[in-house]
Amino acid sequence: MCELGECLQCENLDCFDDRMDKMHEECGVFGVYSTDNSDVDVAGLTYYGLYSLQHRGQESAGIAVSDKETIVFHKDMGLVPEIFDKVVLTHLQGTMAVGHVRYSTTGASRRENAQPIVVRSRNGQIALAHNGNIVNASLLREQMEDNGTIFQTTNDTEVLVNLVTKHGITSETIEEAVEKMMRDVNGSYGLILMTANKMLGVRDPYGIRPLCIGKTSNSYVIASESCALDAVNAEFIRDIEPGEIVTIENNEITSIRAFNNKDTKLCIFEFVYFARPDSVIDGASVQQSRYEAGKRLAIEHPVDADIVIGVPDSGISAAIGFSKQTGIPYGEGIVKNRYVGRTFIQPSQGMREVAVRIKHNAIKKTVEGKRVVIIDDSIVRGTTTRRIVKILKKAGAKEVHMRVSSPPLKFPCYFGIDISSRKELVADKLSVEEIREMICSDSLGYLSLEGLLKTPVDSRCGFCAACLTGDYPIEVPAEGDKFSCGT
Amino acid sequence: MCELGECLQCENLDCFDDRMDKMHEECGVFGVYSTDNSDVDVAGLTYYGLYSLQHRGQESAGIAVSDKETIVFHKDMGLVPEIFDKVVLTHLQGTMAVGHVRYSTTGASRRENAQPIVVRSRNGQIALAHNGNIVNASLLREQMEDNGTIFQTTNDTEVLVNLVTKHGITSETIEEAVEKMMRDVNGSYGLILMTANKMLGVRDPYGIRPLCIGKTSNSYVIASESCALDAVNAEFIRDIEPGEIVTIENNEITSIRAFNNKDTKLCIFEFVYFARPDSVIDGASVQQSRYEAGKRLAIEHPVDADIVIGVPDSGISAAIGFSKQTGIPYGEGIVKNRYVGRTFIQPSQGMREVAVRIKHNAIKKTVEGKRVVIIDDSIVRGTTTRRIVKILKKAGAKEVHMRVSSPPLKFPCYFGIDISSRKELVADKLSVEEIREMICSDSLGYLSLEGLLKTPVDSRCGFCAACLTGDYPIEVPAEGDKFSCGT
Amino acid sequence: MCELGECLQCENLDCFDDRMDKMHEECGVFGVYSTDNSDVDVAGLTYYGLYSLQHRGQESAGIAVSDKETIVFHKDMGLVPEIFDKVVLTHLQGTMAVGHVRYSTTGASRRENAQPIVVRSRNGQIALAHNGNIVNASLLREQMEDNGTIFQTTNDTEVLVNLVTKHGITSETIEEAVEKMMRDVNGSYGLILMTANKMLGVRDPYGIRPLCIGKTSNSYVIASESCALDAVNAEFIRDIEPGEIVTIENNEITSIRAFNNKDTKLCIFEFVYFARPDSVIDGASVQQSRYEAGKRLAIEHPVDADIVIGVPDSGISAAIGFSKQTGIPYGEGIVKNRYVGRTFIQPSQGMREVAVRIKHNAIKKTVEGKRVVIIDDSIVRGTTTRRIVKILKKAGAKEVHMRVSSPPLKFPCYFGIDISSRKELVADKLSVEEIREMICSDSLGYLSLEGLLKTPVDSRCGFCAACLTGDYPIEVPAEGDKFSCGT
Amino acid sequence: MCELGECLQCENLDCFDDRMDKMHEECGVFGVYSTDNSDVDVAGLTYYGLYSLQHRGQESAGIAVSDKETIVFHKDMGLVPEIFDKVVLTHLQGTMAVGHVRYSTTGASRRENAQPIVVRSRNGQIALAHNGNIVNASLLREQMEDNGTIFQTTNDTEVLVNLVTKHGITSETIEEAVEKMMRDVNGSYGLILMTANKMLGVRDPYGIRPLCIGKTSNSYVIASESCALDAVNAEFIRDIEPGEIVTIENNEITSIRAFNNKDTKLCIFEFVYFARPDSVIDGASVQQSRYEAGKRLAIEHPVDADIVIGVPDSGISAAIGFSKQTGIPYGEGIVKNRYVGRTFIQPSQGMREVAVRIKHNAIKKTVEGKRVVIIDDSIVRGTTTRRIVKILKKAGAKEVHMRVSSPPLKFPCYFGIDISSRKELVADKLSVEEIREMICSDSLGYLSLEGLLKTPVDSRCGFCAACLTGDYPIEVPAEGDKFSCGT
């Protein structure tokens, strides 16, 4: 068992790079179709919608607007409120809008890759916003290149829009072209496609990525998460179903169920980490799912302790659930600095010793002299976890019992999670006991897969948990084919 | 009693301007004195120190550095990580540094008013960083102007540095000059003064604003709050005492107790709202004080309910305390969007209806069909509170019982709290029952003054609660003399 | 004849918008191929090359670099030194580079339209930089769209790169594909195409736009004008010939003469206005050509006067020539403010009276009491000319004789000149005498077409003067088909 | 005599830093007093006024506006059109305005030093804009510091405003206080002082720096140069006299001649280099003075040659004069890139060879095979001159005869010219023949002092030529006391 002294010497500077220690590769999409041409500020609604989806991507954002004749757009690197101001929004007049927020792990994240992608084609202008990842994008790209197609970005989205356009030649409708595209591609996608006069919402056949639809008194709204419907005061209508193409045109919604998958596979990490707690996905409340995970964790890995705390923000709900289940009081033990942003300067080597408590700090009064249970949603590399355990011990915690509200991460994800950090998955290399030793906690317990899959109470769908099991719903490359941060 | 229907029509657009609905006028100061000339990156430490004090001021920030010969500085409008990058910090070489973060309510917040203020004087260069407010600044300014002094800012800090310099002519030491300055001014101040080769920490005679001192292996650190000591891994030594001048020079700390006030008056709102929960001020934990307030609130204003929730972030601790005291389960009922910043576009009139849930949203699963107790730290204008009650009711809460962990705000503050929003203090115009009606809650209870003053457990000092009582520790102007957002 | 009094009341505010009063739609291209892999900073050379071509386009600029494997690029809106700094250039490492500066008249000039355009295709990555205009771009675009191609910009350049890629399928080499593309398109182009490992310079069959090639001790350089070769100390090798494809590969230059046009048609306005005076195009010195134009103007439109002055900068050379021919002394009579830029605020209506001499001012001592000949290169709308005549008269000129070193502009240009300002061509609506009256000069003389075509002394080519004659070298649309500012 | 070969190897990279090779430390001031309260956009006029004075300072600029009650201001680093946009100007409402453009040589040029300086004092708010340099500023600063005054900038201007304020205590009027200030300070100044309701223009007793006054139909205007009067269509009234205080108040001008110097000493370099050619200072035309210098240079240093050219822009007028006097034809031989700005990247060591012709290039056709006379206004370090000679020889000039339209610079200037570059004055170290050898020209001739002083034809004043003679009009420090780039 590790000694406090040793534990307090954090030899790994990487532990400050929290971005590396949260798996993440997500995007958010949002669309508005006004049924009342004159009165709706569709760009403004999209601004607020994207703002509520900002947690799904902080690298770049964009909004495209159609006035039923022309599509204009604005996109750039940065947060939604950094990219759009009143002047820019004023120039985005129209009756439909589609927006996108994008996450990327690559340092060389590029403005060219910002979405929505807007193109001119035989079908007129098309704007496409995509959340997800296309597994066979490279292959499709190659095939199209062989036929003379050029690509200007590394986005999978550009592959999708080319496929739709090519199939358009032999299709009666754009929906037919989209359906053909869906048969070509393997992967995850929640996508919104806008032509000059209609809007389509499309979800992949397995429903790996979420997508839902709502309405206000004079608009239809499509969004990655229901919290974005709330943000614009839209009423939730329903989730778009796996394999479904929803069309909004002439103020009406129609639907094509292109695939009739019984065996749906919503990404379980939407509940564990990605989605906002106030969202409801496929019938299940994200917050309740996390709370439930805490309760199950308490049953699976009980411990005698004085206080239960959570790692803000994603560990809080589970901690409350754990407390509820065990009767051990819930408390606030860790403070997170709210002002971290992209421009924050990582501590240099020389700052290593002094800068441990910059991003997180312990509340001494809560943990001093106590046996502490601390809950986080997942462990990726283990370095942040190790740092937090260290902070708690330094603040006087007598014991620190780590509980993780999901099973060990062991396999690459091909449907949206950052591949690059994958190489460093601690659970791929170490046993649970070895991880406990590495993070210097007094005990460590992971929620079982079985337990996790029961947490989305009332959910109407099945789940993809391939990153935990290696059991992929669709064919994936034999080895780690390089994925672009497509979307 | 208000009807749900009416309640859901929020006729007041101002409710989105949350800044107006939180009283706030604070600043943060931070200083480092390296006892080991070559090896400490004092600007880097100050960067992290200010970063942990960012909650005390988001308008402007600055760092001044002395290499024992010359003081250089950089300051600008914006957040700490926006103003400082690696290149700027590299140009701030020295063995001492003083930093400042500043809050301002005025639209015309000006770059000229950023701190530290750095001047050349008969004592050489002086840098001064100030948290607090000088009540008789206008009078002192006038007197000095009559003697030919000019002022280039509207900061009280410029008054202070002029006083120190003038008194310097008849003083043996800078400490003597500072002591004379302290006799001239009425007001609150936690200030750090740096000359080319020494650093002073000075706290006003009543100790209205906090200031503490710590050390690392090779530096002394002065900061507004202890969380900033933690951020740079400094050990807490002690709070600077009310009326005390601490000097760090030649690697040693000396102290002058210029005033020997028994009747100290730490601002009670440091515990209610201003300070970070992981800080400890004058012996009392901020988080524990808030938790305690929740418990006392439960005793003073009990209610039969199904769930207790808090308004993030400052109402959370009290909600946990309320739950502990009553046994009513604690839950997460409100989500706050973490990406609000200075550039966020306020919803226009036309967006009024749709944009209610942009900054806060309810978690339906938590509150639907339930009798909800919701706790906030204070009510200023009441519009945000009203909006949050509305959101909860719309999410299906059967009853909403508002509990406030401090007494009604009724009087102007002359020591640091924003005066301009004061005019709109709802408690100055309405009774508790009238406020309840206005915010549409089913009941409303404020913590008593007596109760509040007991919440800073283990505190070694008395408190200023003049904004609640009108009982000012020092003479204040008869009427609302215009205060600059001095500091 | 106009009266001085009336003349001094400038009722046309537009006269301040000098941009509208210079016809202009040009771009500049620049490429470097290092024959010495390790030692040449190709991005740095391109920076200086583009900087010397900045007069050809101030809206956007870009540089793409190949390290023989991958092409990376950076492009943005603004001037070359605004877009590129040391950090950006450092990230552009490679052994070949291609750069572009772009002019656009449209208010909605867009970042997406910046060049070089960089795509991925079956031939790998391709970067293309284009100066010129494709007359049948819309038609070609439509045809390709019908076959499923999408377009992401409104640049003609994207049409070109798609054509090259499509033809690539049936071609042995990229040169063959380029040659096929040349047979498809009608229009003007000086273009540089870079694949991962070779660089092509291509000039349209009529040689409407210039393109030349040079070498340094360890590089080959391609540029729109020879002044850019000088800027990087490259030795001029030769102009690329009309219809020629030059390939630089494996450190060697090879050439394909795809078209063998005897009847070349270099744009005469390269000599009149576009090119820098220190450039030599197809054997003729730009400065000498302008000087010669002044001499010929003096012969064609002599006048008895005391002094000859030029409108800076493009009227200066001709004024010196006019002086030389006539013996009338040359002097400086007009000063131009050198600090005009994109962000300059145009005088508002209320400023009309006071703001006449902001951009140009007269030197009173030079013109007072004198009979002044003033030379400009061309008159587009006439408003700037009118303003300058007015300034001279106000400064005391006894007579003002306007001489223009090119014939009246009467016809639209389809090969690169801004179409939008064309509608306002004063010579299209008024006779020479009417223009004289409108600009309030005492006489007015235009250089004859015959005269103009003789000014490029030693030129080895024929000229396109369609904007003066309506005689287009290639088929153009029947009416003013909308041209994108392609390039 | 130098060999061409050697000459073409420029071993001194500094030659690219043209800023270092032009002596320069100037500023420009501009003020407007509206006699018609409602209708004049004083900030807009000042914008255009400063824009026409931009050549006097490109580092920072500012505008302060008084609405007769309050003075507000905006200032920042950068060019006038970069700092001010429509929104900023709209916020600067008032009936009087004073503006400033500032030059600085120090790398650490600081925003704090931007002008006008605006202070609060017993006289209310005062804005001060200053062009010039105070020789005894350090001493005065020290004296005031001893009396408890603090300084927040390193500007001399802050010394001036403090002096005025101190003297204000014992003065009846602000004019009296200004007069007392004038008796305290030694140095050069053209300054504009604005209180809430009046505006003063003040020129130093020797008239070293220029200042003039004009009027429009509803405003009075004060400016450093008459070209700024022209820019706002103001009629020139007269130069403010050396030692004169002009007051504009209650729509009237009054004047106090505080000093009655017969022996005025206008800086001769205003004519040689600083001022714009269209300005008239103390009766003499700047352009004519330079033209005259060329004629005199031709008489003093005749040479048998084929063409006369000038270094743009400041050598052009003299070149035309030289040509006129000798009959040798004038031509354009050097092109200057117009897009150089603060952000231009200086060529690195590795670029030395290639980057010779970036900023200037020769026009081969003009100089090839010819004996060339080239005229520049002055030689500071000689490196730029050397580079230009080299460029001409490389372009084929048979002989290059350098003529300089002012005498050798040998002494420090204490009244406004950059001291730092002074150390490198080539004429301080080398004889004329040695300089000729260093710059590789075939001959070299400087205009004599006697000749130079006769060039400002019709001037009504005497001149300071101390930088050429060492004969200072007022007492200066024994050695190179450090001067701030005061103003």
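In this document, chain identifiers A, B, C and D correspond to the written order of the chains, with residue numbering beginning at 1 in each.
The working rule: a contact is a pair of C-beta atoms (placed from the backbone, for glycine too) under 8 Å apart; a residue touches a chain by one contact, two chains touch by 3 or more.
Chain labels with UniProt names: A, B, C, D = Amidophosphoribosyltransferase.
Computed from a predicted model, the values in this text were never measured in an experiment.
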Neighbouring chains common to subunit A and subunit B, by label: none
Selected interface, C-D versus B-D, where C-beta contact pairs are more numerous: C-D
Distance from the mean Cα position of subunit D to that of subunit A, given in whole angstrom: 59
Subunit B-subunit D separation of Cα centroids, rounded to whole Å: 49
Interchain centroid distance [CA atoms averaged], subunit C/subunit D, Å: 34
Touching two or more other chains - residues of subunit D: none
Touch-based graph of the chains, sorted into line, ring, star, complete or other: ring
Every chain pair in contact, whichever chains are involved: A-B, A-C, B-D, C-D
Subunit A-facing residues of subunit C, complex: 111, 117-122, 126, 141, 145-152, 161-162, 165-166, 168-169
In the complex, subunit D residues that touch subunit C: 39, 41, 44-45, 47-48, 51-52, 54-55, 58, 79-82, 84-86, 89, 216, 227, 230-234, 276-278, 280, 285, 287-288, 291, 313, 316-317, 320, 324, 329-332, 335, 337-341, 343-345, 347-348, 350-351, 353-358, 361-366
